[in-house]
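Some notes on the structure that comes next.
A, B, C, D and E are the chain letters, set down in written order, and residue numbers restart from 1 in every chain.
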Amino acid sequence: SSSQDPAKPRTEFNIGWSIYAGWMPWPYAQQAGIVKKWADKYGIKINVVQVNDYVESVNQYTAGKFDGVTVTNMDALTIPAAGGKDTSAIIVGDYSNGNDGVLLKAGDSLSAIRGKQVNLVELSVSHYLLARGLETAGMSLKDVKTVNTADADIVAAFSSPDAQAAVAWNPQLTAMRGLPGVKEVFNSSQIPGEILDLLVVDTATIKANPNLGKALAGIWYETIALMQRKDAEGAKARAAMAKLAGATPEAYDKQLSTTYLYVDPKAAVAATTAPTLMTNMKRVRDFSYSKGLFKGAASADAVGIGFPGNKALGDPQKVTLRFDTTFMQSAADGKL
Amino acid sequence: MRWVNRQPRRGDRLLLGALPILLLVVLYLFLAAQRHALNPADKILPLPSAMASGLSALLFTPDPLSGQLVFWSDTLASLQRLGIGLGISTLVALIVGLVLGVLPPVRATLGPLVTGIAVIPPIALLPILFIALGLGETAKIALIVIGISPVMVRDIAAHVGALPREQIIKAQTLGANSWQIMIRIALPQAMPRLLQAVRLSLGPAWVFLISAEAIASDIGLGYRIFLVRRYLSMDVIIPYVAWIALLAIVMDLALTYLSERFFPWAHGANH
Amino acid sequence: MRWVNRQPRRGDRLLLGALPILLLVVLYLFLAAQRHALNPADKILPLPSAMASGLSALLFTPDPLSGQLVFWSDTLASLQRLGIGLGISTLVALIVGLVLGVLPPVRATLGPLVTGIAVIPPIALLPILFIALGLGETAKIALIVIGISPVMVRDIAAHVGALPREQIIKAQTLGANSWQIMIRIALPQAMPRLLQAVRLSLGPAWVFLISAEAIASDIGLGYRIFLVRRYLSMDVIIPYVAWIALLAIVMDLALTYLSERFFPWAHGANH
Amino acid sequence: MNALLSLRDVWVEYGEKVVLERVNLDVAAHSFVSVVGPSGAGKSSLLRVILGQERPSRGSIHLDDAPLAPECGPDRGVVFQRYSVFPHLSVLRNTMLGLECTQAPFSARLFGSARKAARDEAVAMLEAVGLGHSLDLYPAQMSGGMQQRLAIAQALIKRPRILLLDEPFGALDPGIRSDMHTLITKLWKDYQLTIIMVTHDIREAFSLGTRVLAFDKRRHDPHAPHRFGATAVYDLTLDKKTQQLPPDNGGITLDTIRNTMEDVA
Amino acid sequence: MNALLSLRDVWVEYGEKVVLERVNLDVAAHSFVSVVGPSGAGKSSLLRVILGQERPSRGSIHLDDAPLAPECGPDRGVVFQRYSVFPHLSVLRNTMLGLECTQAPFSARLFGSARKAARDEAVAMLEAVGLGHSLDLYPAQMSGGMQQRLAIAQALIKRPRILLLDEPFGALDPGIRSDMHTLITKLWKDYQLTIIMVTHDIREAFSLGTRVLAFDKRRHDPHAPHRFGATAVYDLTLDKKTQQLPPDNGGITLDTIRNTMEDVA
């Protein structure tokens, strides 16, 4: 089990996932036998475990119950990394290109949000998106009142006559947009590349078990390629993912259209090595620090972030979040 | 005739009992129709037709991957967890409740601890629970047990502790030691109360089951409700909740029947 | 001396009661120290020092936005919701429980409805609750009331319904009508049981409060716990949970005291 | 016949078990009926049926020529075999309850002078039964005999038309018991009560009653002891003026009563 | 003195209220002590103290010259004033319980031939108290007198060294009561029991007992009735051979006993 010493080679691994448009390939790969195929190839066993509650899945990873987990860049930074768990992002799957949005019930533009109560999952990417949005409209978080709202209940909460504004992600976002009189006034397509969806693994584990990384990359790019196909096979794969997410195939396709998938591993490697990643991560980091998420840290530099090419943000001695292109690169090179 | 003395007959009882429930259903239909008149796409109070179609997919179309009928496999999974959770809780309540109720030194020692456990909201400690017990069935069952058994333990302990002192004395004059008092005097008299405690715990047990399934699961009634909650699919949620209520009411009736069947002395009119 | 007869003295009782709780604390410290030896940054079982520093920020540093001390304003907000929710539930339990227990026709009519409400998990129907009651305090209090009052109602109704038939007959020979039986016979005898029911409901009430605060809120103990749960800040969660437990235990003791103080006839040793 | 209370062919059965079998009985107003009979004969069952607490399984009961409603009201008073007083009320409040219920239909509590009057009446009654010094005790703090006296005071203070007493003096010492005899006789005379009293004390039955009923089974089936029920096997009207107390020989049994009564009849 | 049971300066107090005051008593083995006294005097309290159910507030109790443990065991048997039988057991099982507890320390249930023997013994005892036809009834299905007889059978089957009876025959009709007298006398003789029996029936007290104790208050303060407790005001050892039954005058009170006993003393 995963409670063993992470620095030792092992043969069985647990990867946690939760429902989100960009992560549905994982359970599909499990069901379609792609996981087993790649795991067998490397002589290991990979369990892909669903956790309904996103935060709980990340917490379980932080607690060492999972060897890897699907997570956003901001949460990877503020939960495991800020908690001292050395974490490597080995697959940069996609960025949110409209999958997160700010909704208003009365008012056509973001400026109408001033003074309103906003329902959102506090301290999540929604919070970050709102802050970025307010920034573009010349406001700050002080100009609104945030109310922490559980992601599972946010649709219901927003349909209450009380609710005026909300920030959410898909699939909830689509359901909320469908409510009468609701307008989306800002979304993540306006801050491309800032909200990333990653697969992260424990750094010590991946160091000791590079085969795990290879298998995961193999699984991921085979599944992505399959779902991108325009034929019946591709449609069948997407329909199965929709079903797993509890959505209709149409709704799922719509969610995918606002998800910028790095289908080609080369593109993923390029995005990860691009300098914009550092700027984006700096924004995310500074926001997180300002919200007190680096508990007890004296400055935003307390949590170090490592990038390809030995570049680092913050304290280079305390790097706990690393963007690691090794396995994406192998995929790009066809060496898996 | 005074109202205290009016005992409705069996047939009348059924009718009377059905009345307010029917009224509620009618009220719901009225409100739903009203909302749909304003917004035909309303999702919050779906019409029966929408519920029927929402449910039929789960009821009759097998899941393409697993080949199972979703509704039934959800029901089975949830009932299994609930059954094991309730079973363990009942056993714990009986044993711990009996020991606490009968033996004052044990009560003094463990009473405060049980109170403490009873008042700690397990939901707040979910991360620890899942970390300690993993994300499998154990944690879900444990949440049910931790959620309902302390209340049941305290109830049984209080009931046993309130047995007339004379009975305990009398049993001792008949040669009974503490253990014998426990199994021959306290245990049988705690049984009807235990069944009553299980009945009262059915509601909370479902709440904890659904909470557990909402966090980490891939099957179960609570999982399905949680899954479709993101889309505000009340057309699935409402039939699922009604189904849960029906299951719970059947269990409630079964427990009442069991109690009357096996402990007639606790139910007979006494004079 | 047989264990059934051993009544520990007052001082011994306190000591005995503290023992298992102390043991648990020691066990915790041991496990926490062990985890920290492996990983000094461990967040799951924080050491007391981490808890102290985690808490002190909330205890002594005013929130920059509101200027209030977070811990105390959380406590106040939660206690207020809990108090109102418990108050309403108690009142509902007393009134509905009495009426159901004393008047068979009402029991026949409303009993099944109450059972139904009792077994429906309220968290599954949150959307309807939000539509009907909004997102404010009302909805949170309503969740507590819906969560705990049906169990209390059924408990009181069962207790009142089990009053010896002789008492009801006797009261009627003394000229009492249904109403008078309710207020002079059933009500006072239901009171100690009501306090006991409130005690048993404290745990579930906190669960529902925390759930409500987790769903949509910007202040409260449950809000804070769920907010920091995102970051696995067990150094805040554990002291908060301990604080909740302490508050609940104080309420529990207060209720026990009230019952003994105002209803001595229900507690005196009877022979 | 113009009886206050009349039972016609009354049966009481519990499942297979026949307790009372074809009881026919007319009780005249202002009579004092003593009921005797062996333990388990059905004496308490008879009182329960007259009280309206239970319905007879067959037969009919008329009160003032109207069918008896299966509920009881303030026209009937009762002292149950097991002293059943209200555990949550003090001695005084237990006794005042009857007055409060009648005089304050809504609140069932009295205030001011009405309360004072009720209190005085209750205290007087409690003094008559010897509980004048125990006004504030709760039933759980009293001895068996004290609880029984409280139950008696509680019933007597209402002066019901029909008073049903089930072994009311069973737990009392001879001194207090004779005080009670005097009290009940006085109330019976003063308020024209009709009393039906179950007792195991034959002397008491004869000295207080104007009529003595003996309940027992007429037929016995040793193989099916539950097949036959009890009924009034002897019914003796006593003329108080000429009444002779039967010689008390300590070991008096129903058989001897039977003989005695057969002699008399 | 070589008494089986001896009470030295025993007080029983409830808060302010003194119930028993300086009771000194020695009970010899194989004696049959009848206790009489007015209602509320403290007779049941005395039995509770001897039973070990309550601790005296002052004074000491010795059994076989050893201080009495504040708990009771199978050496003492009891029939409480309110027939306290186990509501969840049938008549037969209520009676067998004592045998089962002693013979099966772990399961408290008997099987096979041991069960058969216990059952036979219980049935015999139940037939002796007249419940032979009611073996399968639950207490709630029985009349008051039947419950009392069940409680008697339950206690007698254990043949305890010391048997404490609190008005055991109070709810029984004269016929059954005299059968009970015969039964208890026989058991008392056959098994060398020591019996302490509270009764309100003076004739019963004298006809069964080898010694009669009258409990009452020595002093009365009319303004503070709770200030003084009761104690044994008369203590009369009867020589069974020459014993004369006192004339029964029906209205016998403690005062008349006092006189009677003063005459004797």
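Rule of thumb we're sticking to: a contact is a pair of C-beta atoms (placed from the backbone, for glycine too) under 8 Å apart; a residue touches a chain by one contact, two chains touch by 3 or more.
Given the structure is predicted, the values throughout are model-derived calculations rather than measurements.
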{"item": "Other chains in touch with both chain B and chain E", "value": "C, D"}
{"item": "Any chain that touches chain E and chain A", "value": "B, C"}
{"item": "Farthest chain (mean CA position) relative to chain E", "value": "A"}
{"item": "Of all other chains, the one whose Cα centre sits farthest from chain D", "value": "A"}
{"item": "Which of C-E and A-B has more C-beta pairs touching across its chains", "value": "A-B"}
{"item": "Separation of mean Cα positions, chain C and chain A [Å, integer]", "value": "38"}
{"item": "Centre-of-Cα separation between chain E and chain D, whole angstrom", "value": "28"}
{"item": "Rounded Å distance between chain B and chain C, as computed from the means of their C-alpha atoms", "value": "18"}
{"item": "Gap in Å, rounded to a whole number, between the CA centres of chain D and chain A", "value": "83"}
{"item": "Residue numbers of chain A (touch at least two other chains)", "value": "59, 63, 153, 155-156, 159"}
{"item": "Residues of chain B touching at least two other chains", "value": "2, 5, 44, 126-127, 131, 164-166, 172, 177, 229, 232, 269-271"}
{"item": "Junction residues of chain E - those touching two or more other chains", "value": "44, 53, 71, 82, 141"}
{"item": "Listing of all chain pairs that touch each other, if any do", "value": "A-B, A-C, B-C, B-D, B-E, C-D, C-E, D-E"}
{"item": "Chain C-touching residues of chain E, taken from the complex the two chains share", "value": "44, 48, 53, 69-71"}
{"item": "Sites on chain D touched by chain E in the complex", "value": "14, 36-40, 43-44, 81-82, 130, 133-134, 141-146, 149, 167, 170-178, 200, 202-203, 207, 225-226, 245, 248, 250-255"}
{"item": "Of all residues in chain B, those that touch chain A in their complex", "value": "39, 41, 43-44, 63-65, 126-127, 130-131, 134-135, 213-218, 223, 226-232"}
{"item": "Residues on chain B engaged by chain E in the complex (per definition of touch)", "value": "164-167, 169-177, 179-180, 183-185, 188-189, 263-266, 268-271"}
{"item": "Parts of chain A lying in touch with chain B, wherever the complex brings them together", "value": "19, 31, 49-53, 56, 59-60, 63, 65, 151-153, 155-156, 159, 171-172, 175, 178, 180, 240, 243, 246-247, 251"}
